[in-house]
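Note that the chains take the letters A, B, C, D and E in the order they are written out, and that residue 1 is the start of every chain.
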Amino acid sequence: MSQTSKENKITLALFYCQNIPESGKQDRQSLEEEYGKSIRLFPIPCSGRLEPLHLLRALEEFADVAYVITCPEGECRYFDGNLRAKKRVQRTREIIESIGLEGERIGIVMNKNSKSLARQAHEIMENITHLRPSPVLSPHRAQQEKGEKRDNC
Amino acid sequence: MREMSQLKRVLDNGDMAVTAECGPPKGADPEAIFKKAELLRGKVDAINVTDNQTAIVRMSSLAACGLLISAGLDPVLQVVVRDRNRIALQSDILGASAMGIRNILCLSGDHQSFGNQPQAMGVFDLDSIQLIQVAKTMRDEGTVWGGDPLTKAPELFIGAAANPFADPLELRVIRLAKKIRAGTNFIQTQCVYNLDRFEQWMNMARDRGLPEHVSILAGVTPLKSSGMAQYMRDRVSGIDIPDELMKRMQGVPKNRQRQEGINICVETIQRLKEIQGIRGFHIMAIEWEEAVGEIVARADLLPRPSFDQD
Amino acid sequence: MSLNNKPPEVMITPSRFRNPIGKYRLHRTDDCIGCGKCVDLCPYGVHVIRVGHVLTNNHYRCVGPECPNPCYEACPAQALSLNRNPTFDTMGDLRWTPDLLVSTWYMAENGTVPPRGLEYRIGGSDGGFDRLRLVFSPAHGTQLEAPHEDVDIGIDLNRRDDSSHHIRIDVPFYGAGMSYGSVSIITMLSRVTAAAALGTFCSTGEGGYPDELKPYDDHVITQVATGLFGVREETIQRVKIVEFKYAQGAKPGLGGHLLGDKVTPAVASMREAVVGYPLFSPFPFHSVYSVEDHKKHVDWIKAINPKALIAVKVSTPTDVDMVAVGSYYAGAHIMHLDGSYGGTGAAPDIAKKNIAMPIEYAVPRVHRFLKEEGIRDKMTVIASGGIRTPHDVAKIIALGADGVCTGTAELVALGCIRCHNCERGRGCARGIATTDPELTELIDLEWGTQRIINLFMAWRKELIRILERFGMKSITELVGRTDCLVHLDYMNK
Amino acid sequence: MITAEQKPIDEIREMIEPYEKILLLGCDSCVAECAAGGEKETAMLASTLRIAAKMEGRDVLIHEKTVDRQCVKDFILPLDDIINQYDAVLSLGCGAGVQAVAEIFSEIPIIPALNTKFIGETRDQGYWVENCIGCGDCMLYYFGGVCPLTRCAKNLLNGPCGGSKDGKCEVDPEVPCAWQLIFERLSAFNALERLEKIYPPKDWSEKQGRGPRKIIREDQQL
Amino acid sequence: MASKYIIDTQAVPNRFEVLTQSGIIAWEEGCLKCPVCVKKQCVYGVYDNRDLDIRQMIDSLDNQCMNCLRCVQGCPKELIHKSINPEYEALGDSHWTPYVIAKSWYQAETGKIPVSGAGYSGPFSGPGFDSMWTDMSEIVRPTRDGIHGREYISTGIHLGKTPRHLTFTDSGDLDSDPSFLVDIPLPIILRIPPFGSLGKNTIKGWALAAKKLGTFLALPYEMIDEEIIAFKECLIPSISPAQPYGDDGLGGVRLIEVLWGKNWKAITRQITETHPSAMTAIRLPLVGGIKETVLSLVNSGVSIISLEGTSNGRLVDDNSVFMRDTIRSIHLALVEHGIRDEVTLLVGGGLSMAEHVAKAIICGADGVVIDLPILIALECRMCRRCTKELPCPVEIDQAASSWVASRTINLLGAWHNQILEIMGAMGIRDVRRLRGEAGRAMFFEDLDRNTFGSLGEVQEGYELE
């Protein structure tokens, strides 16, 4: 799977609620080892801490896809942080769709059955394999690749 | 019932057209209309009926036009957007057409605060250009605005006003062009005193080729007195009376000022005739319909053409 | 001389902030049908009805899962749910846990210890007080309905039987020195006014003796510290107790340091210094290098104010016991041991954490040594620097102190949240440890006074309850009774 | 407060299309409260427009800034320092804000990003409702604190039309008939006699005036 | 040392947003935009300066908040909450705690000693050096104010064997050879940390810092290249006996360290021959039975021994034992054998805060060697991602050498001041006199047992509260 994403050069910005199981520093690092530059992880104290701007800025600057994993519905420490996150993600989707970017580039997973961070991340990675590199970043990316090639020469 | 606008026929025929204005009474008496009609009969091709001019309540323009039709004259129904929303405006257009009224003049109207109902709500649902569009849609598409079909489309000769004397001049020409694009067939201008400015405007209009698409009737108003001249210059928006004209009026004794007003008016028409693209005259002798006959005669605009009714 | 006032009245004095913070939060969804059942069920007044709308206005009073009638279980529309308040867990520190902060606020509001749901007796430092427990014999009953007023928790401050004032305080504590400059004038006045009402004292600290305190001269202890800020003959003559500060527990072995920003015109004039310039109080008294020097100091005060009691405030080095004996022979009445956990103003972290020993070790050592020297009965031993709760008071007395000094607890009653930023920016953002005029206005004097009175009335009741459970009539019976304590790390080993 | 909604993004993009350096100007008052033009929305719109530009491969400079209030000169004037760096300003203020900014910075195009809606009330979180048309001649006393000019679809002043059914308006059955509310309110404090009166035609000149209305208080002027 | 030793510090900004313990969660939905908004009243202007750092997705609300909670407590809709920052909690490990890391960042940024109000907030005691309290003097044992006072407090130590006595020629000139004694003004030597995303500029920056501080940077011999050798007088190359050693290009280096291993003797001899003017030191892993080894090394003439525990301050062979008591026992053994002054004992591994320097010296070290603190000074988060070849979140290898040097100097400057504070409180004016002064310290185990050891008995039926 990691190979697929390498071929696609898709970068996922993954925000996740610190309350989801097995999401500590070590779990995070093993994920990063697995996916390399294809994943950027951002633990947050509550998914409701996330604002549309985080997602937009991630898409603007470095991410092909931005996802949020929240704690299960009804289990937010702040009661409705995850519900807020859900609505914010929905709104952000609408925004990017309105400018012609695939809505799928933004997603939210409300954790169920106490899935681990790694498992959720794998599933998300699986879900997004069909997406092409983001048209937002492609000019940059093209330049970067050029640069890399130059270095190789 | 009249099938075609007399005004349209005259213009189509390539003749200089003449129209005059007739203000309905501040009352319900039809005789006032008939009286004015007789004064104008044979002197003009069509008679404009004002629509609650200066926002003062008068007999409705539509009704007065109906009376003129019954008198066998060709009325121009003036419609202001101040008092009616698009529902009323469209229904009035249908009613007018049904009564044989063929000419409408689409106007914004004076603000309600100027008249005798200053507390009234101004409607201004449409503006005059939109009204032209609506009328054209009804006539040419056979639908109301928004697309609902009409059982029968109205027959209309659509007119609009133009004021070459308001500022900025460039915008006046842009507006004329927009009115033409919206579908106006004829233009009646604000009364012309400042011929230089008028010519300038006409030149600009000609530069854009506008007169080819519309019949421009230059408006004239005989001055009754130097006092009236003063008033119109100072108080009525969009009126531009040059100083030499003012002086000319003032230089004449009071009892001969009316005559001088008519003289000026006739001279103006004569000069306007020289201007390329002018297709006729609109004589607005305000509450002085008697003067029209003399002006038309002295301006060599008689007799008015007549056509056999089909 | 005994003050023996009637105890002041407790008056309910809620937080001065719109949203008081509690341990739990309740959440009400749109499903609420406004039936008001929760309002009826809740014994703590968490919910209120306003114009047909039920509102959860007083989250902070919720006792959470320990509630006998949980509204969130009884709600017919299942519109209520309960969570621990995440904000609660961001507050405080290991010594002043969020539980202790909130229960202190509860006491300051209500004058009683919190009903349930909050640990109000110990903190989370995992040593000392927090590993010590009071041991109650079954002989003296368990919970008491109402404390008996015939239990005496007052203590004598002059045990030398000399010609100085004979002062008895009605509670076994008085207010530790917090200088004008490190705290606002309102904070200072709140403390002093409350001390007067409670029949005890409060120290000015080293920043001078503001005129506003004059009406309370009989309840003020004035401090003579190394910087001698604002110390004048007149100020020494005004009071009944004069306190020498040799060191303070928060920065033992180091001088005090008031940042230039806090030296406002008022502070500067009080301290006879220059506005905007930092002030250092050196360490130690450069005129005292021996017990003999120390005695000269005491004699100097006695010459100015012959009847004054002399308190000597020191921190807790290895030889604190020797210092105590030396102070006795120099003529001191009160040995004030200041441990390293207290302090208002800024101190280097390295000093607070590492220098000198915790008060729990120092007090037994001094108690034992004074006893061995045969002078324990002649000296009043006061402990401070980390006394947070009535249980801490009972424990330190059982370890050998006669009474305690309080400081931080009062600031917490005034709304201190232990953010540890006393010296930053304009000073305390909550208007307690600041000299910023605008921030000072955040506290109303009457409110502040009552909050401190309420807190100490709760302490008082709790101490009486503890003594009753020990079967004691007076707090003096508890002094040095280590058999009333157990340390969990050594329990039944 | 004044409420507003963001315009469709396509419309905004079309308007800013000719420009390469654009300042998004938020307003932190009314339109912030209705989540249309505050600091946050401004940042979001800026990011969205940057993303859109990048997708087109265009190099457009989009910055954002939010002022306390766009309808007060004092808050606008400080923009003088930065405004010259831009080709256009996309304002997230209400119509009043857009015009006030435009009036001060006459040389630079000021483009509205919002549709200004109405004077209204925050009825609930995320729910704003119009309840004043600013007629300039308040009649709420007579109608028990419910404005028929705003809340009756027909602006009727002398009682409900025949379309009122079950207390709801015929125009929108979701909306309570204003006259039902007026009736209930006036009954509640025994003031139904106020409904007996025939209210004469409304003086609209206070609303429409002669061009823009203004208030001048000389005592407030210096 | 003629002039007073002062470390010049200057604030050096962070390159990345710092992580702090807690942040603000401010819901926007439902905000009433009150005219007097609690956000506008923030004493620290946190909301006015709000910004989003994209690299780490850090909202400045996360790290500028000073925890006064006024906004939380004032918002009429209760839309503002506080939260513990999971990124902060995840910093470091149980030894390199978030607190240690954050305070080190502060010192490296500002050059100031950490100061806070409202008393001590930490645990009662802790493992290792945290279970020691240093003494202070009250009235009967005078000292002078450490920082602001009049007496000079020396933190200088010398490396090498102290001559037992000096000999003089007949004409009265010094006959002893003082060359085998190197002075450093600070009892701290820097060492390249065991991990880290290091670039050339990092090494250079540290060398520069060592030079400016007047101390040494110990680094693996392989790391020395043409650029670094320019700092030779403040470098300690570490030579591993496992690696071939030949012509080394270390001419002019003053101190060379040999790692403990089979060949150490041969290599030491070789070095002494090639570089007669350089001193040699032996670096030993700190293990349980090391005392005997140290004694025999000293007896065989080794004059500098560097003992290295684990990076969490334990014995290399037993992670449950803290190095504190082992150092004490080595020191005491050397004293007993009358050879304490024959050797300079340096201690390293897990020293994370300024007080550890003083405490290690009290336990018997002459000075210390620090490694990870100088990495943390460069904003290292101790995530050890670099050990797994993951990118460094703060791109340490990209930092300029001047920045590296200034940050390191700031940290050491703050440590120096703290050592002065702690020595001043003890009334000790020369750090060399602090060595082995266990009497100036209090040990948790002793105090606690003495005080509470007897408070263990609870009878049946008694209730604890």
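Observations on the structure shown:
Here is the rule we use: contacts are C-beta pairs under 8 Å (C-beta built on N, C-alpha and C of every residue); 3 or more make two chains touch, one makes a residue touch a chain.
In this text the structure is predicted, and so the values were computed from the model without any measurement.
Common neighbours of subunit C and subunit D (chains touching each): A, E.
Centre-to-centre spacing of subunit A and subunit D amounts to 37 Å, using the average Cα coordinate of each chain.
The distance from the centre of subunit B to the centre of subunit C, with each centre set as the mean of the Cα atoms, comes to 93 Å. Note: centroid distance subunit A to subunit E, computed from Cα atoms, is 39 Å. Counting only residues that touch two or more partner chains, subunit E has 28-29, 52, 81, 83-84.
Under the contact definition stated at the top, the residues of subunit D that touch 2 or more other chains are 40, 43.
Of all residues in subunit B, none touches two or more other chains. Looking at which chains touch one another, you get A-C, A-D, A-E, B-D, C-E, D-E. The part of subunit A that touches subunit D in the complex is made up of residues 51-53, 56-57, 59-60, 95-96, 98-101, 135-137, 139.
On the side of subunit C, the complex with subunit E involves touching residues 15, 17-21, 86-87, 89-91, 93-96, 121, 125-128, 130-138, 142, 246-247, 250, 252-255, 280, 282-285, 288-291, 293-294, 314-315, 317-320, 322-323, 326, 340-358, 360-361, 364-365, 385-386, 391, 399, 408, 411, 416-426, 428-430, 433, 439, 466, 469, 482, 485-487, 489-493. Subunit D contributes residues 28-30, 32-33, 35, 38-40, 43, 122, 125-126 to its touches with subunit E in the complex.
Looking at the complex, you find that subunit A touches subunit C at residues 45-46, 74, 76-80.
Considering their complex, residues 8-10, 13, 40, 43-44, 47-48, 50-52, 54-55, 57 of subunit D touch subunit A.
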